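Several structures are given next for inspection.
Same chain, two partners: chain A is paired with chain B first, then with chain C.
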Partner chain A sequence: MKFASPLESHVLFAIGPVPISQPVATTWGIMAFLTIGSWLLTRRLAFRPTRAQAALELVVETIAGQIRETMEAEPRRYLPLIGTLFLFLLVANWSSLIPGVEPPTATLETDAALALIVFGATLWFGVRALGPRAYLATFARPSILLAPLNIVELFTRSFSLMVRLFGNVMSGVFMIGVVLSLAGLLVPIPLMALEMLTGAVQAYIFGALAMVFIGSAISENGARPPSKQESPA
Partner chain B sequence: MRIDWWTLALQAVNVLILVWLLGRFLFRPVMDAIAARQASAQALLDEAREAKDRAQAEAQALKTQNDGFVADAAARRAEIRTEAEAERQRLLAQARLEADAVVEQGHAAIDAERGRVAAQWREKAASLAASMAGTLLARLPPEQTVQAMVDALKARLGDLSEADRRSLAAAGPVTVATPAPLTADLQTQVARALGEILPDTATPIFAVDPDLIAGAELRTPHAVVRNSWRADLDAMVESLNEDNHARIA
Partner chain C sequence: MNWIHLASILGAAFAISIGAIAPALGQGRAVAAAMDAIARQPEAANTVSRTLFVGLAMIETMAIYCLVIALLLLFANPFA
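Showing the complex of A and B:
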């Protein structure tokens, strides 16, 4: 049995010169699911919340609380980015449970795009919070001699984001595919449950690291936010 | 390994669009709803705090008012106590004065009663003395006693001034009262004696008055010359009464 390379994307169709690959199409589906679901859930928000609204508020408030604790900042400005990253990664990782659907996060381009967004957001929020000069000055802390290392770290930690997410999700999907091809229908179920756990953990880790990176950028102390350290996965 | 840059770019754009979409349809409405609920809860808390502050202020005002009432009541009680004490002292003084007056009146009444009783006893003693004297005199011959009394009457009339004797003689018919009827001789003797002392007088009239006990009295329409034991006893009783009044006073 021959497996498709996880490092290659399959083009489904093309819109003019733009090829539309399978991860992009899956992402559109996830976007539609999340957007329509959000619209349905939030179109009738009431002062006295229903159970669904209460659960939704619980999720949003939990993410906001994490942002408040990790970044030590008001979460309203950062909530759309961090919350979207977490929810998208969670749904994308769990989309592998749907037969025939390959999670977009199992492709390098999607993870690279996400890491690139976090990289850009780190620069954007850092400059916006501190100003260009002060933000650049953070790279010279605690010593000017460490400035090259800090600049390299800025890229490498974004790269590590991409690689970590890609490796965990791709390996899980690949493992399930191998076991499924060897042992039949029911055997991969424990691995799929493990994949759910892995997907949730990776979504949380990606969002937490994004908060740490952005939090360190908006903090005048420089590379490290005051409350949380970067945790490898 | 080959990077599909179109996919990378599309995925980046997709995620950015999703960030906007979820911010528009999920996070902002939910955060707004949470903020509205928090604002409402905060408003309720603020309102409750204001109500609590108002209640505390009212309680403080009531406490201050109550303290004022208590102080006012204490001041009024002290004032009433002072007034009551003054009134009690005044009433006590008045009662003491009235009691003293009553005691004084009682003493006066007792003294008056005692004087009255003493006078009664003196009168009784005088009556008893008169009775005893009468009884004793009855054992003597009437001629001796009458003669002695007539002599005494003559001496009494002799003690009067000439002007008194003349006015006595001019006062009208003279009555000679004796405790027992006089014999004709005695009457003649008395009339002769009166004619000597009071030459201008008419023939006397003789009357009997047992109350005189002993002696005789010379009575005219305007004057009386008393010379009897009765008169002496009355004089003695009068003198005793005067002495008693002088002692009480």
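Showing the complex of A and C:
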């Protein structure tokens, strides 16, 4: 039995010299879905919310509450980034439920782009909150001897963010593919339910880790505030 | 099938099987400790479970690294 390699994606069509692969097209679809969906839902906001507006407010409030608790900062500045990351990942991970659609997060390139966004956001918010000098000084905490380790950690945690998302989503898709080729009807359904759970948990974890990274970058007292999560391996 | 293929398949199988043991033990310990903490202090359940999820993701990364190595051996082997 031959399986397509999960490390390469096949090209759908090309715009000029740029080949457009399937994950990119799916990403565009999800982006359009989220953009149009939120535009439609926020078009006429009212004081007495409709059902859809109430549901949307619940989602936004929950994410804002999580940011407030985890980062101990006013969520207004970070809500667009974290909320978009979470919702995009949730929709992307669950998009495999539509027949014929592979989640774009099951390819390494999408995850690399997302991890790069978090990496850039960490630096940007850190510099913005503390100023360049003070932010650089946080790398020398608790001792200047640990500065190389802190700098290495900055890169390895972005790398692990990428590999974690890729491994989880891709292994789910791959496993369903294997089971589907062995027993077609109804057998993959429990696995797909498990995959939905994994997708939701991974979206949450990606958002939570982005919050922890940015939170540790904007806090005055060193690379990692007290009573926060352990930093990644 | 030459010996490089054979070695890659064996290497992938061993990577994932041995690499799954330690994270499994670690996750078991982490969940047990979190259960203990929630049982002692139910009002801290929110914080504990959030930290638990993030911690489990960290531990799981080790197994995921093994999975990626196995996939590299099977699908993107530089020697085969």
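Note that in this section the second predicted complex is superposed on the first by the 225 of 233 C-alpha atoms of A that agree within 3 Å, B and C clash if a C-alpha of one lies under 4 Å from a C-alpha of the other, contacts with A are read in each partner's own complex, and residues count from 1 in each chain.
Methods note: a residue touches a chain if its C-beta (ideal position, glycine included) is under 8 Å from a C-beta of that chain, and two chains touch if they have at least 3 such contacts.
What you see is a predicted model, and the numbers here were worked out from it, not measured in a lab.
*Asks:* Following the overlay on chain A, give me a clash-or-fit verdict for chain B and chain C.
*Replies:* The answer is fit.
*Asks:* Answer with first, second, both or neither: which of chain B and chain C does A:G167 touch in the superposed model?
*Replies:* second
*Asks:* Is A:T84 in contact with chain B, with chain C, with both, or with neither (first, second, both, neither)?
*Replies:* first
*Asks:* A:T26 in the overlay: touching chain B, chain C, both, or neither? Say first, second, both or neither.
*Replies:* In the superposition, A:T26 contacts neither chain B nor chain C.
*Asks:* Does the superposition put A:T138 against chain B (first), chain C (second), both, or neither?
*Replies:* In the superposed model, A:T138 contacts neither chain B nor chain C.
*Asks:* State whether A:S158 touches chain B only (first), chain C only (second), both chains, or neither.
*Replies:* Neither partner.
*Asks:* Tell me which of chain B and chain C touches more residues of chain A.
*Replies:* Of chain B and chain C, more residues of chain A lie in contact with B.
*Asks:* Can A:L34 be said to touch chain B (first), chain C (second), both, or neither?
*Replies:* After superposition on chain A, A:L34 lies in contact with chain B alone.
*Asks:* Which partner chains sit in contact with A:E57 here, chain B, chain C, both or neither? Use first/second/both/neither.
*Replies:* The first partner, chain B, only.
*Asks:* For the overlaid structures, how many degrees, to the nearest 10, lie between chain B and chain C at the C-alpha centre of chain A?
*Replies:* 110
*Asks:* After overlaying the two complexes, what is the shortest C-alpha distance between chain B and chain C, in Å?
*Replies:* 5
*Asks:* List the residues of chain A that touch chain B in one complex and chain C in the other.
*Replies:* On chain A, the residues that contact chain B in one structure and chain C in the other are 7.
*Asks:* In the complex of these two chains, what residues of chain C are touching chain A?
*Replies:* Result: residues 46-47, 50-51, 53-55, 57-58, 60-62, 64-65, 67-68, 71-72, 75-76 of chain C touch chain A.
*Asks:* Can you list the residues on chain A that touch chain C in the complex?
*Replies:* Residues in contact with chain C: 5-7, 69-70, 160, 163-164, 166-168, 171, 201-202, 204-205, 208-209, 212, 229-230, 232-233.
*Asks:* List the residues on chain B that touch chain A in their complex, please.
*Replies:* Interface residues on the chain B side: 1-12, 14-23, 25-31, 33-34, 36-37, 40.
*Asks:* Along chain A, where are the residues that touch chain B in the complex?
*Replies:* Residues in contact with chain B: 7-9, 18-21, 23-24, 27-28, 30-31, 34-35, 38-39, 41-42, 45, 47, 49, 53, 56-57, 60-61, 64, 76, 79-81, 83-85, 87-88, 104, 107-110, 112-114, 116-117.
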